[in-house]
Structure formats: C-alpha cells, structure tokens
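Structures given as structure tokens follow.
Next, two complexes with subunit A in common: one pairs it with subunit B, the other with subunit C.
Our next item is the complex of A and B:
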C-alpha cells in the first residue's frame, strides 16, 4: 500500500535525476564552446571591464600622481563639456545624413537592379565597388578630388561654368559636413542596395502581378506591397548602418581631421584625441563608453526587431 | 540503457579532454607569440636566447622600434645600419620594427602599459619626456659624460643635447633634425622686382604683391588643416620669432601671451594671400601647389627640395630658401623650427649595457652620415662638421637649409624644457584649438588663445 508521504520524495528524486541527466547531456556542448568563451573573454570582455573601470578614474599617463578613482566625475564633465555636446551633435548629424541618404540611394539602386535588363549582372557587381575599396584609400582619393585648388570636382565645375570660384568643400565648416556625408553615403550605399535587393528578390512576383492585373499602378504597388514587405529588412539595415556610422573613425579623421574648427569631429574622434594624443585615458574612455551606451540602445532595438521577425526564439 | 549511459559518459570525457587540450594549445601559442614579438618587458617578453643570455654567453636580443622616417632609401639604410651593427657585434642582435606615424603613440602606450616596450626607440621630438613622465626612460648620463669628454658634444649644436637634460637625467639624444623653412620662386620675385624678405613686414608685403588669384597664383602656401601636425609648425615659427614659446621657466603654459597673439595675427594676415582652402591643407597640398607653379612661396620641409627636383624639375633652378626672418623678438629670437628628434633607451630593458652600446654605435658620425646621405635634404645633421660634407655642401639650397638648422634651428621645447611633458602631450591641440579655428574664421585670435590656455593648460601640471 502507498502512503501519501512517499509520493513527494519520489517526485523530488525523479526531478533531481532528470536535472542531472539534462546537465550531463549539455556538458559536452559546454565543453565545446569553452575555447570560444575563453577567447571572447580575453579579447572582448576583459578589455571591456578594464575600459569600464578606466571611465571611472582620473587617469592621465603623464600625470601618474593624479591617478585615482573619481566616480562619475568624467561623465559629469563630459555631459557638461561644450566640445562633447558638439561632438555628439556631429555624430548624430553624420548618422542621420549618411544613413538616410544611403538608404534612399540604396533603395533606388535596388529597385533598378531588381528589373530585368541587359548587363544587369555587371551593374550589380559594379555597384559594390565603393564598398570594396579600402576605406582609407577611398577617403584619401576623395580628399584630393575635393581639394579647392587642384581637385577634379572644382576643376570640372569651373570648366562647365557652374561656379566662378573654387568651392571650399573641406575648408568651410558647413560644406565640410556636407562633403563628409556625401563621401560616407557613397561608401555605404552599396550595402543598402544589396540588402534591399535581397529583400526584393524574396517578394513573390505573383502578388505584384495580381495587383497590376487588378489595376494598381507602379506607385500603388510599391507603396502598398513592395515597401511594406521590405520594411523589416530596411529597418535592420539602417540600424546596423547607424551603429557603424556612429563609430566611424576613419572618415572624419582622414577627410577633414575633424575640422574645420571641430565642425566635423564626432564623439569617437574626440575620444581618440583625448586618450591617445593627450594621454587622458580615463576621460577618453568615458567618452567611448557614452558612445557604447548609445549604441547598445540601438543594438537592443535591433535585437528586438530580429525577435519580432522570428530570427530568435 | 546502461550501455547508452556508458557511451555518453565516454563521449563526454573525450569531448572534455579534447577541448581542454585545444584550449591549452591555443593558450601556449598565444603566450609564445607574445614572447617572441615583444620587447624586454617583465611580462613574459623574454625569448629563449634572452633567457640563455641572462645565464651568460649567448646572444643578446634587443628590440629597436623607430618611425617611418623617410623614403624607402632612407629606411633601407636604417635597416642596413642595424645589420652592420649586428655583424660587428656577434653577441648582440638588434631587431628593428618600423612604426607608422598614424598609430605610433597607441602602440608605444600599449606596449608600455603591457610592460613590453622596446629596448631602444625613436619617435616624435618629445617622446622621451612623455616616457619619462611614465617612468620609462633609462638615464644615459654616462653616455653624455663620454660624449662630452671625446668632443662629440663640441661638434653638436647645444640644443641637440641640452634639450634632453631633464629632471636630473639625460633622457635621450638627438640623432637628426627635421627642418622647416619658407621656399620661394626666384623667377617670380625677380619679375616682380621684390627682394627676398628678411622681416615679417617684408614677408607680408611680398605675399600681398605676389598673390594673383585671377592668374591662378597664390602669394604663400602653408598648411592649416585640423587634426594635422603640419599645421602648428608655421605658427610656431612665428611664435619663436616673436620671442615666445609654449612654457615659461617654471613650466607654466604660455598660450595667452602677447607673443603668441602677435604670431597668430601674423598667420591670419598671411592667410589672406594664401589659398582660401588653407584650413583643409597639409604639407601634401602645399607641396603640390608649389610643384605646379601656383604658389610664389611655400612653407615646408627639407624633403621639398628632393621632391621638386623629382616631380617639378623645370622649377628646380628657380627656387630659393628665405633667410630666417627677424620678427618682433629681434635678432636674439631669429629662429626656425627644427625638430630635434631623439633616440632613447627604455628602462625596462633587461640589457642596458648592450642597448647603450647600440646607441653609442648608431650615434657615431660615420654611421649617421650614411643615414643622412641616403636621402639628401631629408634629414639634417646633428654634427656641425658634416656641414662640409658633400651631402650638405654641394647643393646651394641644401647648404643654406643645413646652415639654418645648425645655427638657428630650435624646436617647441626651446629655450627650456620645464614644460616638456605638457608640450609633448598636446597632440594636435595647437592646430585644433588655435590655428585652424582662426584660419577658418570661426574664432578670433584672442579667444582662440584663451581657449588654448584653458584646455591645454592642465596638461602642463607637474608634480611639485
């Protein structure tokens, strides 16, 4: 005869045995991912933790007697520093300009390349050229093309009579930002093109054909069918571009040096100058961490979008 | 069931063993890589040969890091010098590693923080001060005593060694100067009936007279880009000629001073006769403009001479060098910028005597002469007696530049190095805060200097 006191013990023992069996099944998996975890720990997590710690220190390598923990002083200073706020604004202007324009160009390019025409394959390959050229090589070439005296752009515009004196593409604060956005757009729109092209390729032609048969014109088809269907991938593509553009150091460093008069100095460049030119490791790191926190926010949105699309369970 | 559990346990054990073995191999490879690539730091930088040496008799390996100083010919000669030293010293092997200008501070900073700097190194003209602030320099006063005794210092401009006497130590030694000057088109000056200027006023007048933008000619070309080390050099030339500097005798910053204001106003006034795009120009654009015959004058360095001969040979016999100008500071302040570039020994070296032997050898006149000769006009001599060497005496422009270096050349740490660390840690601060904002018309000179005093001043704080 079974007593009521036995059942909970039996159940508990069965649960324990089940957990141990599950753990044993997973042990192999954990062992196999251990090298990757150790590697990531060494090159990602350890520097990240050290970096986070540095952000809370007054640490200038050339003034070692002043090194000390100073709490959130670096962050308070940064958020009240006019130069930092200007750099943040510059970063956002760069992101909005470059990502927005590269999306529009990418969308236009993808719509054209989605059609059937002769030599489409060649154009699809050519459109990748700005993306595959090493960035520094591209930026230095653009620097020369935008030179006010001997740059090819001014020379052509002068020859065509469109301007009567050289345009200061890199020497005028406003135009320098326009030039930065233009060059950034040029180098990034191929990524958007191929991303949107992939999304367009996944649209069932029968849907658009059916809409056309029902009397919808091209704009109506695009607005009501095509664009909604490519919207998820568009959002993810623009989010990724935003993160990459916010952290783009090479473009402003090479093209304008952050000038003139700090007009094109984004936060990442300011962080570099503080840490590696003025040896102010603590303050420079705090600027990088502010940048990281902002990008984590974008990253969180990206993951949420992915989850909504069922990429992750 | 029993059999399946056994098989699973066996697989888990194998998987664990395999993974552990893989991790150990990877870790060992990483540590070995760090050991062979690194310097003489305490964090495991020793190689097998160094370990053997510490027990006596085997070859000592030294790491020597230096900049990409010039043309391939120059760098090849530097490597040849190292090879020759190694051949003459069978018990020492020096390994050379080239650093790029773009990221050398990060590399050196990281190496120092990791405890893995080189044994001997070059760098910018302030690197020994910055390294000394981090406790990284080896005192080479004993070498200084040798060089004083054997007449080496008597053959050098004083600044070549006085600059490095710092905090009671000798923290480095100059091995070459890097000169700046104003080049001019002799034919354009002749055609306009202008004699080469010798004062600030004459320079302004010449630039104004020769500035003909409608004819595609600018009066003077000079760099003004933010974030570029090229930009501060033109300005600092005028600061020195105004009798100013970057720090006073007590090491306090001196940005917001009448001398710097005079210099900044001079540069602003000259910019009227320069290209409108000057705030985006580096030496590269300046040289190109001069080579294309579009600039009557150009501020540049010794490498301009070789470049013009190579890329604009039609201009080679139509260029001259302006004499060092006399500014508000008078004849006592008649200086040109000439960076005293050093070699230093890092005090983490495990082989200080061998490192000093290498430095002693590299500093010998005959060995430096080979470097200078590999790129005529690229590097300027630290020995006065080399002015008579054909490298510096055959070409009249090179001869004039070499004389200016030896007789009037100083750099940002002149006349005293009390503010050495602050000066060396400004980065492109002068360009970013002072020169570029004024050239681009965004800030007035007075405001720019006040801003610099506020933002760069804290870098000059020293431990009292």
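Our next item is the complex of A and C:
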C-alpha cells in the first residue's frame, strides 16, 4: 500500500525536478537573448511607439503651445498635399528605375560570372566595390563627375564632339532623375549580381547539359530552366532592394539634395525635410508612417517567401 | 538604413551546391571541338566584365585620380592618370580640418560596434540555435523586420528621446543604434554556423565542467571562425559607411564621423574638388583594406555557412 501512495509522490517530485531543469534551460535562452532584446526595445520598438503617436499629433517645434492630438488630420492633409503626391510619384519612379535596372545588370553580370574562366575571382571582387565603399564618398564623386561645368562626363562628351554645350545632368529636373537612377543602379547592382550568382551556382549542370543535348538553344535553356530556378531568389532580392531603395535617404540627399525644384525628392526625404527643416514633427512623422505602411506590404511578402525558401527556420 | 545592414542569406543559402562544380569540367571538355568559338566567347566575357567593373569602379578611380591632380589640371583634364601628380590636397585635408578627429571617431564607433555585435550576436545566435523557447519565432522575425523600417521613421522619435535623455550629439547614441541594426545579420548568420556544430562537442565540454557560456566562448566560437569574420565585416562596413543617423544625431564638428565630415566638406570647400576627393579616398582606404584582406575568408565563410545551414 505504501508503495502505491508513495509512487505518485516520487513521480511528481521527479516531474517537478524535470520541469525546473527544463525551465532553467529555457531561462538560459532568455538570458542569452536579453541583451539584444534590450537594444531592439530601446532603439526600435520604443521609438516606434513614440513615433506612431507623433503621427497623430499636431506638433511643430516652433509652436510648442499648439501641440495636441489631432486624430487623422495629418493623413488627411497628406492626401491633399501636392508636394506629397509628387514625392510619392518620385519614390515609385526611383524604385522601379533603380531596382529594374540593377536587376537586369545584376542578372547579366551573374550570367557572365557563372562561366568558368581565368580572372573570375578578380572580377567578382571588383564588382563588389560599390557595395563596400562609403556611399557619401561615392555620391560626392558621382556629383563631381556629373558636374555640368567641369565634370569628366561632360568634358569627355564635349571633346568627342557628341555634344556642343554642357549637359545639365543634375540641374535639369528630368536629367537629374535620370542621373539619380543611374547612380542608384550603380550602388545596388552588386548585391543583385552576388545573389543571383549564388542561385545560379546551385543549379545542377546535368539538367542544362541534358537540355542542350536534346537540342535546346541557349535562350530556351535560360527561359525554361535557368530563369525559373533563380526566380524565387530574384523575387526575394528584388523585394529587399525595393524596400531599401524606397527608404534610401542618402542617395537623393547627397547627390541632388532633392532638387532641382523638388524633382528628385522622394517621400522619405520629404518626411525628413518636414520634420527637421520645417520643424513639423507630427506631419513629418505621419509621412514616414505612410512610407512604412507601404513597405510593410512588400515586407510581409518578403518574410513569407523567405520562410518558404527555408532560409529562416 | 542602407543595404549593408541587411541579412542576405539568400546568397548564403544557395551557395551550398558548390560541390556540384566538378560537373562543369566535363561540360567544358565536351565542348572542346568548338575551340574557335570558345575563344571568341571568352573575349566577349572579358569585354563584358571589364565594362561592368569599369562602371562599378568609376567613381572610386576618378576620386583617386582627382585627389592627385593639381588644381589647374583638375577642372579640364579627362585623363585618368594625373600628368603632374601632387600630394598637396592630402596635406591640405590632414592639416586644415578636423579630418584626423573624424577618422578616429569613425574608427572608435566601428570597432566598438564590430566587437559588440559579435558578443551580443553570438549570445543570441547560440540561444536561437540550441533552444526552442517560447517567442523564438517572434524574436527572429522582429530582427528581420528591423531592417525594413525606414530610418527616418525611427530617427524622428529617437531624436526627441535622445534629446530628452541628454544623449543627443554623442557617439554613444550612434554606437548603440548601429549595433542594433547590425544585430539582425549577426544573430541569423551565427545561428546558422552554430547549427552546423554538433551538440556532442559542447556536451562533452559541459561534462568536463565548463558552463554554458564557457562552452560557447572556448568551444563553439573558435569553431565558427568564418562566421565571425562575416559578421565582423558586415558590422564594420555598416558603421563606417552610415550617414543618415550620424547626420541627425551629431551636431558639433568634433563629434562627426567621416561620412558626416565629408558631407560638411562639400559646404566648406564647395568647388575645391581635389581636397574633397582626397578626403574621400582617405576615408575609403580602411574599408577597402578590411574588405580585400578578408574577402577570401568572407566568401569561404558564406559558402561553408551555407553548406551547414
């Protein structure tokens, strides 16, 4: 009898000990992530909450007596603000131009680099230079090359006789956008090249060889075998690039300053100008929130695709 | 935040089938009959690569070239090689401005972020690799989501908060911010490496009396060398190159990092492109050294991390 009454006790005790051990082990995990959680909380989530609240306030630092909650007024104002609509258009033109071109150039570069030839490693390293050097240095250098008075691009074109007077690369509204897209492509294509190259090297050569033996030409092989196999990575890379380009402050700010006449001011730059140059903290934040919500959609697709690819498990 | 901050495991992951490479050599030998066509193809390959690399290197090469040119040559010359190379611009930059100070500030912040992102990242990466704790998915996704927030969205409230706590215009504020943005990459990358290290190794260490942290420090980390190099390069590049947060947080010239100092240079020197370019070249040298010195192990790290992943 005693044994039967004791047995559950013993088991319960053992269970409890096991649970404590398990708990302690789990607690270890929490201790380990704690430092990073603190940083995330302090630098991202707390400011995020404060920012979300700011987006619903009338907050101008020059008129502190007028600070108050104003509901969705900022957003209503934004929808009717021509400057905002122009900036949104600029953002989309920038993103489509830069991401599209950097994908095409990245794909071309990756297809060439995927071949086996001497010097491949050197090219692969050199292509990464735009990804490594400080963006401010690069944008200033581009600004100098595109300078209409003494920039090397105009000087070369003039000496070759291709143009008879300097082209206003950064001073003409349309050309400034073209320049911005060109420089943006320059800064983004290395990432695309390396990403696509990695996907290409994962393709089993036997498949493409078999197709070649069966009489498929290069274009057919690319269209029906290679491209479908790099498509998932392409979509992920493109989404990520689109988000970064949309959020890119440095490129328009340093290269063109958003000008001439706001022609190259994307939404993110306008949001900055509202908050820090016109001191409209509330309104500026609401514009940043609009950008964030727009990117959240792309971000959700990105996370889902990443998960399906099994990268993060 | 610029692209550096990002986790780019797609590239990492898919590199895994590199062992498939031998299959290619058989293809090449099979194509040998068309040697002539191959030579043309090879020439085309090099031409294409030189064009692409030329585009990639253009601003850097032109900056280097301008930095060595005399003021008279700089405005009209279209030659990449300076006819009368001079060091005047470099002297002017080092002597005249707070350049040395900015360099030191950048170095301080970047080295700090690099070190801390390895420490904090390996702790969290270890937890992600070895435990299935509640909130693990949420935590991992939060890290990924961070790199998609617009910097401006965070900068406005952070500016208000830092001002309130008296931390605005300090390098500390920058360090903590960069560290946080570097974490996503560090944690996920190191987690991938730790996954590839068999548990038996650390269990043996635990039996021998090491604590969990001791096992991580003395057994796991030494085995994850290439992963740590990758994390270090990413953190260093991110903090060395970052401009936006530095521009928002820092006000006094003696606190500037290089990116910010360079930007202030354009205002100060307006058309003295020789000075501006030599400052640019000087601030690019450390990342180039860092990158090319570690480029091999970086690639190896990415590949082996992927095969284990």
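Some observations on this one:
The rule is short, and it goes like this: the second predicted complex is superposed on the first by the 275 of 313 C-alpha atoms of A that agree within 3 Å, B and C clash if a C-alpha of one lies under 4 Å from a C-alpha of the other, contacts with A are read in each partner's own complex, and residues count from 1 in each chain.
Basically, a residue touches a chain if its C-beta (ideal position, glycine included) is under 8 Å from a C-beta of that chain, and two chains touch if they have at least 3 such contacts.
Quick caveat: nothing in here was measured; it's all calculated off a predicted structure.
When the two complexes are overlaid on subunit A, subunit B and subunit C occupy overlapping space and clash. By the touch criterion defined above, A:131 lies against subunit C but remains apart from subunit B after alignment on the C-alpha atoms of chain A. When the two structures are aligned on the shared chain, A:284 is found in touch with subunit C, with no touch to subunit B.
In the overlay built on the shared chain, the residue A:39 is in contact with subunit B and with subunit C.
In the superposed model, A:64 lies in contact with subunit B only, and not with subunit C. Judged by the touch definition given at the top, the superposed model places A:117 against subunit C, while subunit B stays out of reach.
Shared-chain residue A:73: touches no atom of subunit B or subunit C.
A count of residues in subunit A touched by subunit B and by subunit C gives the higher number to C.
Annotation: subunit B segment clashing with subunit C after superposition, chosen from 56-64, 110-118 or 434-442, is 110-118. Common to the subunit B and subunit C interfaces on subunit A are residues 25, 28, 32, 35, 39, 149-150, 276.
Residue ranges of subunit B in contact with subunit A, taken from their complex: 8-9, 11-12, 15-16, 19-20, 22-23, 26, 105-106, 109, 112-113, 130, 133-135, 218, 225-228, 275-281, 285, 288-289, 292, 294, 421, 424-429, 431-432, 436-437, 439-440, 442-443, 459, 461-463.
Of all residues in subunit A, those touching subunit C in their complex are 25-26, 28-30, 32-33, 35-37, 39-40, 42-48, 50-51, 54, 105, 108-109, 112-113, 115-117, 119, 123, 125-138, 140-145, 149-150, 152, 155-156, 159, 186-191, 194-195, 197-199, 201-206, 209, 233, 236-237, 240-241, 243-244, 246-250, 254, 268, 271-272, 275-276, 281, 284-285, 288-289, 291-292, 295-296, 299, 302-303, 306, 309-312. Residue ranges of subunit A in contact with subunit B, taken from their complex: 24-25, 27-28, 31-32, 34-35, 38-39, 60-66, 147-150, 166, 168-173, 176, 253, 256-263, 265, 269, 273, 276-279.
Every residue of subunit C that touches subunit A in the complex is listed here, in rising order: 1-4, 6, 8-18, 20-21, 23-25, 27-28, 30, 42, 45-46, 48-49, 52-53, 55-60, 62-63, 66, 74-78, 120-121, 123-124, 126-128, 130-131, 133-134, 136, 139-146, 148-161, 176-177, 179-181, 183, 187-188, 212, 237, 240-241, 243-244, 248, 258-259, 262-263, 266, 273, 276-277, 280-281, 283-284, 287-288, 291-292, 295.
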